[in-house]
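As C-alpha cells, here come the structures.
Consider the two complexes below, in which chain A is the common component and chain B and chain C are the respective partners.
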Partner chain A sequence: MIENIDLSLVNWSRAQFALTAVYHWLFVPLTLGLSFILAFMETIYVRTGDEVWKKITKFWMTLFGINFAIGVATGIILEFEFGTNWSNYSWFVGDIFGAPLAVEGILAFFLESTFVAVMFFGWNKVGKKFHLTSTWLVAVGANLSALWILVANSWMENPVGMVFNPDTARNEMASFREVVLNPVAVDKFLHTVTSGFVLASIFVLGISAWFLIRKREEHLARKSILVAGIFGLVASVAVALTGDSSARTLAQVQPVKFAAMEALYEGKSDAGLTVIGALTDSGERLGEKKVHDVKLRIEIPRLLSIMTTGKGSGYVPGLKDLVNGNPEKGILSVSEMMERGKYARQVLTDYKMAKEIGDTETMEALSARFKESDFTDNYFRYFGYGYFEHPWQVVPSVPVIFYSFRVMVGLGFFFILLFILALWFYRREALERNRWFLWLALLSIPLAYLASELGWIVTEMGRQPWIIQNLMPVGVAVSNISAGAVQTTFWLFAVLFTALLVAEISIMVKQIKTGPKH
Partner chain B sequence: MTRITTAISNIFRFYYDGFRTMSWWGKRVWVIILIKLFIMFLILKIFFFPDFLKVNFGSDRERGDYVLEQLTGNN
Partner chain C sequence: MITHAFLQGYWWLIISLLAGLLVFLMFVQGGQSFIFSLPKNDTQRKMIVNALGRKWEFTFTTLVTFGGAFFASFPLFYATSFGGAYWVWMAILFSFIIQAVAYEYRSKPGNIYGTSLFDTFLFLNGCLGPFLIGVAVATFFTGSDFTLDLFNSVTWGSGWHGLEALINPVNLLLGFAVLFLVRVLGLMYLENTIEDGDLAGSIKKAMPRNAVPFLVFFLSFVGLMLLGKGFAADGVTGEVTMVRYHYLHNLLGNPVILVLFLGGVVLVLVSLWMAIFKNPRKAIWYAGAGTIPVVMALFFIAGYGGTAFYPSTADLQSSLTLAKASSSPFTLRTMMFVSFIIPFVVAYIWYAWSSINRRRITPEEMSGDEHMY
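What follows is the complex of A and B.
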C-alpha cells in the first residue's frame, strides 16, 4: 500500500525528474519555434533574392545553433532516470512508451546528422533551394520529433490502445493508431508546439527590441520584429484555441485535475470561469486535504460550463463530487473505484500465485480476464486506485495548479497584446519612439519561458498522484533504491544543467552583442 | 562504384570543410557537446544510472516476476 512506500525516495525521484524536465524544457521550445522563423526568413530571402534577408537568417540561425547544440541530448537523461529510479513504471508501460520514443530517436538522428549540417555548413555549397528545403525539414523534423515524445507523455495522462499481460506484467500495444490519435496527444501536441512558436517569437522580438534600444542593426531588428510579430500573433491565438480544446478533453479524462485548476470543490451548473482569484483556507477539510475558498474572484459567468459541456447550463463536477461520488450525475466515488482497483489487484495476485505453483489452468482462466471488456472497463481501468487507503489521496495540490494555470493563461493573453502592439508600432514606423515597448518586449523573454514551464507544472503536478492516470500511482512506480543515491544525482544534475545554461546564455549573449556579420 | 566513391568523398569533404571553417561559437559549442556527452554517457550512465532491472535480474522472465511481485505486494 501507499503508506509502506519510502516517501523520501518518491519525493527525491520526483524532484530529480522535475529538475531535469524543467531544464530540458528551457532548450526545446526555442528550437521548435525558431526553426520555423528561420524557414520563413530564408524563404523570403530565396523568393526575393535580397541579401539582407540572408544576413538576418544567418544571424538567427547562429542563436538557433547555440540553443540546439547545448540542448541536444539533455532529454536522454530523463530516459536514464526511467531505468534507474522508475523501473516498475518503465517495465509496466512496456512497448507503449518504447515505440514512440524509438521513432523519435530515429527521426532525431537523421535530422541532426543531415539537415542541420546542411543548414550550417551548406551556405554557398549547396543550391539555394536545397538549403531552404533543409531548413524547412529541420523545422518540420524537430516538431515531429516532439510529437512522439508528447504521444508517450499523453498515454500517461490517458492510457489507451493497450492490453495488460499479467504474465509479463507489461502493457502491450493493441492499437498504434489509438495511441497516436489519443485525444490528449492531439491536443497536447498542438498546444505545446504552438506555445514553442510563441516563445521563439518573443525571443526574436525581445532581442530585436534590444538592438533598437541600442540603436544598432535597426534594419535587421525591424524586419525580424515583423516576422516574429506575425508568427507570434498567429501562434498565440492558436495557443488560446488549442488550450480551450485541451481543457475540454481534460474535463473528460482527468476531471480531478480540471476541478483542481479551478479550485472547484462544489460541483455546479452555470459554472463561471475564474479569471483572477486568491485562495484562502476555508477551515473545512476533504479528508486530510484543505478546502480552499476563492476570494477576490473575478469570473466570466457560465464560461466553465460552456468550456466543459458546450452548454451554459451544463454541470461541472467539483472535487467533492469526484471524491465522494455523485450518483445523480453518474459520478463514481473514489471509494468505489478503490474497491474495483483492489479487486483487479486481487485477480493479478491470484494469477501470480497460480504461476508460482504452476497451475496453468487457473493462469489461463485469469489471463483471459485481462482481455475481457467487462473486466478491463469496470475493474482493471481502476487498477491504480487499489493502492490507496483514503479517497482524498487522489486530490493534487490545488494552490500550485490554480495559480500556475492563472499565471500561464494571463501571460498568454499578455503575449497576444504584445504581438498586436509590435505589429501596430511597426506599421506606424513608431517602434523606436516607444522605448517603453522595446523594454517591455525585452523583459518579456523570461516571461515566455515562465509561461511555458508553468504549462508543464499544471500538466504534471495536476496529474498527481498518478504516474499513469488511474493505473499506477507514483509511489508504486519507483525502484527499490536508496533515497540518498537519488539525492546525490539530483545535485549532480543541478550542477551540470546550471553549467550548461550558463554556457548557453554567455555564448548567446556574446553572439548577440557581436551581431550579424557584415 | 566510382559514383558512390565520389558521393562519399563529396559528403566527407562537405563535413570536413564545415568543421574546418567553423566560427568561434561553433567550435565552443562542439567542445561543450563533447564534454556533455562524456559526462552523460561515460560518467552518469555508467556510475550513477544503471538500469535497475537489467543489473539485478538476468532475464526478462525474472524482471517480469519481480515487477509482478511489486505490483501485487501487500495485497
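What follows is the complex of A and C.
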C-alpha cells in the first residue's frame, strides 16, 4: 500500500528525475531548432555560393556545438534513471516503454552522432553537398530522437496498445501502431518540437539583436534575423495550433489534469476559459487539498466547453465531480475506482499465490478473469487506484499547474508578436532604429526557456500522482533503495549540472562576444 | 516458426553484438587514460584529444543504445541490475557525464575551470568507465546479492548496492582486463590516426606495458571462469543450480561460440604482435575484429546453453535467465524488425567515418581554423 512506501525516497527520486529533466530540457530545444536553422542557412550558402552565409552558418554551428555536448551529457542520465530510480516501473511497463527508447538509439542517435562529426569536422574534408546533407541529417536525427522519447512519454500519459499478463505481472505491448500513433504522442511531438523551433529562433533573434545593439556584425545579424523570424513565426503559430489540439486530447484522457489547469472545482456547462486569474484559498477542502477560488478572472465565455466537448453548452467536469463522482454525468467516484482497483489487485495476488503453490485449478479460473471484458473494463482499468488510501490523493497541485499553464500560453502568444515585429522591422529596414525592440528580443531569450520548461511542468506535475495514468502511482514505481542514497546522488547531480551549466553559459557568452571568424 | 525462445536468443545476440562494439569503441576511453602520460607537449596532447574527440560520440551512442536495447528486450535485467546495483551504475554514469562536455569545453575561450580540469575529466572517464563496466559485466559470471519477490520487485542484499562487486577478485580481474584492453586499443587508434614520429615512439614504448597486464588479467579471468562453477538453469523448470565447468561446457559445446572465442583471441594476439613488432598502424583493425567476437562469445557463454545470465548469489531461483527476464514475444518480434536496419546504420557510419578520416592528424592541422578541441 502506498502508506508503506518511504515518502522521503519517493520525493527524492522525483526530485532527482525532475532535476535531470529540467537541466536536460535547457539544452534540447535549442538543439532541435538550431539544427534546422543551420540547415536552412547552409542550404542558402550552397545554393547561392555566397561565402557570407558560410560564415553565418559556422558561427551558429559553434554555438550549437557548445549546447549540444551538455545536452548529450544530461540525456544519458534520464535513460538510465528509469532503471536506477524507478525499477518497479521499468519492469511493470518495460515491455512497452523500452521499445521506443531502443528505437531512438538505433534510428536517431546514430544518425545524429555520425553526421554531427561530419558537420563539425568535414568542412574541408567532404564536398559541399555531402556536408549540407550531413547538416540536414543532424536536424532530422535530433528531431527523430525527440519523436521516440515523446512516444514513450506520451504512453505514460495515455497508456494504450497493451494487455496485462498476470503470469509476468506486467503490461505487454499488443499494438506497436497504437503506441506510436497514440493521439497524445502525435500532439505532444508536434507541440514539443515546434516549441523547440520557437526557442531556437528566439535565441538567434536575441543574439542577433545584441550584435545590432553593439553595432557589430550587422550583416550577419540582419540575415540571421530574417531566417529566425520566418522560422520562428511559422513555428510559433504551429505551437499555438498544436497546443489547442493537445488540450482537447488532454480533456478526454486526463480530465483531472485538465480541470486542475483551469482550477475548475465545480463542473459546469457553458464553461469559459480563464485567460488570467489569481488563486486564493476558499477555505473549503477537498479531502486534505485546498479548494481555490479564481479571483481577478478574465475569461473567454464558453471556450472551455467548446474545447472539451465541441459544444458551447457542453458539460466540463470539475475536480469535485472527478473525485466525488457525478452519477448524473456518468462519472465514477475515486473511492469506487479505489475499491475496484483493490479488487483487481487482490485477484492478481490470488493468482500469483496459486501459481506459487501449484494450485492449477485456481490459477486457471483466475487467469480466465484477465481475459473477461467485464473484469478488464470495469476493474482492472482501475488497478492503480487500488494503491490509494484517500480519493483526494489523485488531485495534483492546482496552483503550480494553473499558473505554469497561463504563463506558458501567455508567452507563446507574445512570441508570435515578437516574430511579426522582427519581420516587420526587417522589411522596413528599421531594426537598428528601434532599439527597444532589439532589447526586447534579447531579453526574450530567458522567457523562451521559461515557457519551454513550464510546458514540461504542466505535463509532468499535472500527471501526479501517477507515473502511468490510472495504472501506477509514482509511489509504487520507485526502486527499493535508501532515500539517503538518492539524496546523495541528487546533490551530486545538482552540483555537477550547475557547474557545467555555468561553464556552458560562460563559454557561450565568450563565443558570442568574439563573434564569427573573419 | 519464430518462437519466443528464438526471439530471446536473437535479442541476446544483438545485446552481445552491441557489447562487443561498445568494448571496441571504448578505445576512446583507453586513449583518454593516456592524456597525461603519453604526450610530451601541448601539441601532442591536442592531437590526441582531437583524434579521440572525433569518435567519442559513437562510443557514447553505443552505450545509450546498449542500455535502450537491454531495457526493451530484457526489462527485468534493467529493473533488477540498475535498480539494485545503484552505486556502480551511478559511478559509471557520472564518469560519462563528465566526458561528454570535456571535449567541447576544454580549450574554448571562456572556459572558467581551465583546460586541466576537463582533461582530468577525460582521464577519469578513461580509467573508471571501462574498469567499472568490466566489473559490472563480471557479475554475469560471479553473481549479485539480490532477491526478487512474487511481482519481480528487487531487493538488494547488501547496503553497498553494487559496490560490493569491487571486493570480488574475479570481478576485478575482468575490470582490469577491460581497462588494459581499451588502453591497448587506444594506443593502436592513436598510432593509426596521428602522423607524428615522436608520438609514435611513445606509443610503441607504452604498448607492451599495457598489453602484458591485459593478457595476464584476461587469461586469469577466463581461466577462473571456465574452470569454476557456473549458474546453470534447467531448460524446462527454470531451476537454477551451481554446476562445475558449466561455462566451459558452454564454450566447448557450441562450435560457433568456440570459433568466435578462439578466432577473436588469435586476432587480438596478432594485433598485439603487429603493434609491438611489425605494422602498428594497421593493428587496430585486427584488434577490433578480434575484440568484438571475443566479447560476443563471453556474452553467449553467459546467456546461452541453459544459463542464468544475471545470477543471484542470495537466492539462486531469483537469478535471471533469458526466458525469465525477456520482453513479450510481440515486443521482441517488433523490435527484431527494427533491428534489421542495423546493417544500414553500420554502412552509413562507415561511409561517414572514412569520409572525414582520409588524412591523418598532423601538428600543422592543429593550428588551422577548423573546429578543434
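The rule we apply is simple: the second predicted complex is superposed on the first by the 506 of 518 C-alpha atoms of A that agree within 3 Å, B and C clash if a C-alpha of one lies under 4 Å from a C-alpha of the other, contacts with A are read in each partner's own complex, and residues count from 1 in each chain.
Definition applied: a contact is a pair of C-beta atoms (placed from the backbone, for glycine too) under 8 Å apart; a residue touches a chain by one contact, two chains touch by 3 or more.
What you are looking at is a predicted structure, and each value in this text was computed from that prediction instead of being measured.
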{"item": "Partners on chain A (chain B, chain C) - clash or fit", "value": "clash"}
{"item": "Partner chain(s) touched by A:99 [first = chain B, second = chain C, both, neither]", "value": "second"}
{"item": "Contacts of A:346 with chain B and chain C, given as first, second, both or neither", "value": "first"}
{"item": "Which of chain B and chain C A:511 touches, first, second, both or neither", "value": "both"}
{"item": "Comparing the two partners chain B and chain C, which touches a greater set of residues in chain A", "value": "C"}
{"item": "First (chain B), second (chain C), both or neither touched by A:76", "value": "both"}
{"item": "Touching partner for A:373 - first (chain B), second (chain C), both, neither", "value": "neither"}
{"item": "Contacts of A:117 with chain B and chain C, given as first, second, both or neither", "value": "both"}
{"item": "Which of chain B and chain C A:65 touches, first, second, both or neither", "value": "both"}
{"item": "First, second, both or neither for A:130, with chain B first and chain C second", "value": "second"}
{"item": "Partner chain(s) touched by A:166 [first = chain B, second = chain C, both, neither]", "value": "first"}
{"item": "Set intersection of chain A contacts, chain C complex versus chain B complex", "value": "62, 65-66, 69-70, 72-73, 76-77, 80, 83-85, 87-88, 90-91, 117, 120-122, 125, 168-170, 349, 352, 479-481, 485, 489, 492, 496, 500, 503, 507, 510-511"}
{"item": "List of chain A residues in touch with chain C within their complex", "value": "61-62, 65-66, 68-70, 72-77, 79-80, 82-88, 90-91, 94-99, 101-107, 109-118, 120-126, 130, 134, 165, 168-170, 172-174, 176, 349, 352-353, 356, 479-482, 485, 489, 492, 496, 499-500, 502-504, 506-511, 514, 517"}
{"item": "Touch list for chain A against partner chain B, complex", "value": "1, 4, 62, 65-66, 69-70, 72-73, 76-77, 80-81, 83-85, 87-88, 90-92, 117, 120-122, 125, 166-170, 342, 345-346, 348-349, 352, 355, 386, 476, 479-481, 485, 488-489, 492, 496, 500, 503, 507, 510-511"}
{"item": "Chain B residues touching chain A - in the complex, by the definition given at the top", "value": "14-15, 17-19, 23, 25-26, 28-30, 32-33, 36-37, 39-40, 44-45, 48-54, 60, 63-65, 67-72, 74-75"}
{"item": "Residues of chain C that touch chain A when the two form their complex", "value": "54-55, 57-58, 60-61, 63-65, 67-69, 71-73, 75-76, 78-84, 86-87, 89-90, 93-94, 96-101, 103-105, 108-113, 150-156, 159, 161, 327-328, 330-331, 334-335, 338-339, 341-342, 345, 348-349, 352-353, 355-356, 358-359, 369-371"}
